[in-house]
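Alright, structures below, take your time with them.
The following pair of complexes shares a single chain, chain A, combined with chain B in the former and chain C in the latter.
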Partner chain A sequence: MVDKYNYAFLDEGSKREIRRSVLKAVAIPGYQVPFGSRELPIGRGWGTGGIQLTLSLIGPEDTLKVIDQGSDESVNAVNIKKFVKMCTDVPCTTRTQEATIIQTRHRVPEVPLTNDQILVLQVPLPEPLRVVEPQEAVTKKMHAESDYAPIWLQLYESLIKYGKVTISAEYPCLVEDRYIMNPSPIPKFDTPKLHEAQCLYLFGAGREKKIYAIPPHTKVVSLAFDDVPFEKESFRGKKCRLCGSTDTYLDEIFDSATGERYYQCSDTSYCKEVRSK
Partner chain B sequence: MAYVAVSGGEEAIEASIRLLEYYRSGTKKDLDLEVIEEKMSLLVDRVMSEAGLYDKRYAALALKQCEGSTDEAVFLLRAYRSTLKRSYDSLVADTRNMRLARRISAAFKDIPGGQILGATYDYTHRLMNFDLQQEDAPALCRRVQQEVEEQKPVEISPCGRVSDELKIEGLIDRFEPEDEEPFDVTQNLLEFPAPRSARLQTLSRADTGFISGLAYSVLRGFGQVHPTVGELRNGYVEIEVPYLEDPTESLWIGEILLTEVEVFNEADDKDQLKLACGYGAVMGRNENKAIAMAVLDHELNTTGDFPTQNDEFVLLHGDSLEMNGFISHLKLPHYVTFQSKLDAVRKTRRENHG
Partner chain C sequence: MTLQETPVLRVQGLTVRYGDGCPHCQDHLEKNRCTVCGTVWAANNLSLEVYPGEVLGIVGESGSGKSTLMQSLYFDLEPTDGTAYLQNYGDGKRNIWEASAAEKRHIKNTIMGMVYQNPIRGLRMDYSAASNIAEKIIAAGSRNAGQMTERAKELLEAVEILTSRMSEAPKNFSGGMQQRVQISKALANNPALLLLDEVTTGLDLSVQAKVLDLIRKIKAKYGISILLVSHDLAVIRMLADRTIVMLDGKIIESGLTDQILEDPQHAYTQQLVHSLL
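And now, the complex of A and B:
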């Protein structure tokens, strides 16, 4: 542990301030709480919102897991883990079940989380209405007035034009019938995991200076029309070439030597576990 | 699978960091911090200004650490700044009391207090000076010092701004001093419309290139045409903090080098015209940045459809740390989201054409 800096890098006042914003976010599920985002030694846009959440929550009794694209060993995950370890010395794990705090980018783990775990998601663009309205002052008002017609219209237009809702990852959802929320760029495959979950989901956007939350047992519904149901990414007829799973989110891998295309689990820790059984 | 690979990220990062050391190791000569501070002072000034941290030594250290990249150096200083406790808020520093090093006006030939050309590259010929390839630095230092010592100091008394006169004449609006606590952009999320204190802080810390480009667009026609530099001054301003034992007293903690600019524009005043003023102030000597800031400050006071008249557009996109952080994040793996995109694209193609 580097002793020239405070435990968990930020000073205690900053950490407390962030935790207060977290409490507000938990109290109003899906609402984006502004906070005084601090600058970190890691790039803005590289997960600093998530890192600030992790740093403000972490203590010596915690066990940390960090994943990126589902993988514990991807460069960015390794880098974040290294930083948190440098200033806290907490034990790290790759096993989802062992972790008390899991920080992630772009995925929710395959193993369902429990009520003593927190999933911290890194968020690049927290505003779900940004795609239809560039100005913050306007989107803030739209949320206040539940004026969500433009985003429904976007769904409808996509349906008319392509016969399908073509939003891919970062699929907007309605939280507790009140706020439309951006679940961060997780695939549609993962969004249903937010609904009525056991764990606490925290979302941190460092550059955009927003925190929001999905507490346990919260109603989270992906936007869809009654006659056009929400549809996840499908991997029909495909399976993981390593563990054989057919019910996980798969990475498509192209072997340039053989021209062959194959698939494997994006959640590397889950994949390993299945194989070891 | 390229560089994320499914495993091996840790070793790759360590090797990458060692390679950075290699890039910094091309010569046996050390880059002394004093040399950066004293001979690269405009670069140091720019980094301090964009970082919002006035410390020449640390700015020089940051530049040394990152091969002289301004955005990396700003990044290092900002991150370091996050770890510092804020003990005091300084008292308001009145720049009328600035110890002037340079002061010019493009609006009037004669200004109360006088013009001081000071040091500027404006009137140099930009010819490469090949003699500097082998320079006798100690001799230069001695020669200049001697020249300074031989001169009789001329007293420069503090002086008001050019705009003070125009305010008396009623051509520029006068505002009552406002003692409201300024909005602190380092501790709060900007809200729009942004209070002026937030606007000025954000512009003062903005990336020099970004706000210069925006101000240029204003001059070229995407905005309120051609402003006049009423006054540009730079020099040292004393910073004081309140003395906690006795609130009527204050403590002098040092001085900082600032560049301050006011630009004038014509503006509507019911059925006649008046002058409107834009204000810019930045740390160090960075005149174009200060002018650009003043141009944008004025532009944001006007309403219209140009990007520079939209405070969200101007204030949210010019922070060095934020823009470079988000742009560089594109290099991170996006396998999951791209897979999801591919799925959406393939599905529409299959259903519509297949």
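And now, the complex of A and C:
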């Protein structure tokens, strides 16, 4: 551990302020709590919201796992892991079950999380209404008044134009029948995992300076019309070329040399574990 | 229509003022501007009633306060003073201008329909014609996509737009078609009152005739009450049962349309009638 920095890089006052925002976010599931996003030694938009959450929560007893698009070995994940380890000296793992804090970008692990785990998601655009309304003051008012007709209209427009809802990631969810929330750019394959989960989900947007949360056992419903049910991605007829899994989220890989198209698990640690059994 | 019936809309003392006003305002008005304090009285103590199934025409020159009245009724403008009661809101006993934001939205989406002079104000130009109609239905609380599509088809057929074009955006339509999409959108939830603000202005004569014919058919088919603003007496003569003449933010004459056109009392009305006949 590098001693030149405070434990977990941020000063204690900053960490307390972030934790206070987290408490508020947990108390009002799905509500975006503004917070004073701190400067970090990485650029905004590279997971600074998630890192601040991780740094403010982490302690010597914790075990950290960082994944990026399901992978433990991507550049972003490895660098975040190195940085947190450098200023906390906590053990890092790739096994989902061993981690107490999992920081992730664009995926929720395949292994169901438990009530002693926290999943921290990095969020680029926390505001689900941004696609229909550019002004922050207006979206705040829309949330306050539960005026969500424009977001339903987005879904309907998709149905009219393409015959199906074409949103594949950042699929809007209604939390506890109150706030519509952007579950970060996880695929809609993962959004049902947020419903009545055992673990705590925390969402941090460093550039947009917002934190929001889904506490354990919270009702999270992906928006769907009465006569057009929500459907997650289907990988029917396909399986992971490495572990043979058929019920996981699969990445499509195209080999331009052979023209071959094959699939493998997006969650690399899960895939490795299945293979080792 | 009989005057014993309860009015669909009752407006009392509507005033829209730009400026603080002064004790001399009403005595020193040059057109609608106070020569002492410079306050502009866009609408000055307007009172009117619209009865079930009636078309009430409002005629007057540019700047006479016609659109101010319409925009106040549709909550686009906040009146300085006055009350308005809708038969379908709070049993006709609650002032709509004191309603909460959610109630105002409910009134706009279910009790009233508005057709603006400029379709850009009334339509989402990048969304399909069907979505424009569905927007109102969604805002009224429906979450059944199939029913919305059926209703959109029905209304587009009623305004003579091919249902094969329902997935096209109004920005690709002609001015007359855009106006007809606006009318179908305004009718989406069977409102009790339709507000038409200069709906034929800017359209060529053949398209004007089509739109006017359509409004006449809608009135006959749905028995809806209409508040029709126009500076064109020919439009008023064709559609309105009763007419109000406005000048400088005030109502200067009102009565049956035939009576106003055949026997105008006020000098301005006489000038208006004689200049057009």
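Of note:
Keep in mind that, in the parts below, the second predicted complex is superposed on the first by the 277 of 277 C-alpha atoms of A that agree within 3 Å, B and C clash if a C-alpha of one lies under 4 Å from a C-alpha of the other, contacts with A are read in each partner's own complex, and residues count from 1 in each chain.
One rule holds in what follows: contacts are C-beta pairs under 8 Å (C-beta built on N, C-alpha and C of every residue); 3 or more make two chains touch, one makes a residue touch a chain.
Being a predicted model, the structure only gives us computed values, none of them experimental.
In the superposition on chain A, contact of A:169 is made with chain B only, not with chain C.
Annotation for chain A, partner touching more residues between chain B and chain C: B.
Within the superposed three-chain model, A:92 lies out of touch with both chain B and chain C [touch as defined at top].
Of the two partner chains, neither chain B nor chain C is touched by A:243.
Comparing which residues of chain A touch chain B with which touch chain C, the overlap is empty.
Residues of chain B that touch chain A in their complex: 1, 3-10, 12-13, 75-76, 78-79, 81-85, 186-193, 310, 312, 316, 321-322, 324-329, 332-337, 339-345, 347-348, 351-352.
Residues 101-102, 105, 124, 127-128, 130-131, 134-135, 138-139, 143-149, 166-167 of chain C are the ones that touch chain A when the two sit in their complex.
Residues 5-6, 9-11, 13-14, 34-41, 43-46, 48, 68-71, 73-79, 82, 105-107, 124, 134-137, 162-164, 166-170, 185-189, 207, 209-210, 233-234, 249-253, 266, 268 of chain A are the ones that touch chain B when the two sit in their complex. Interface of chain A with chain C (complex): residues 141, 145-147, 149-150, 152-153, 156-157, 159-161, 225-228.
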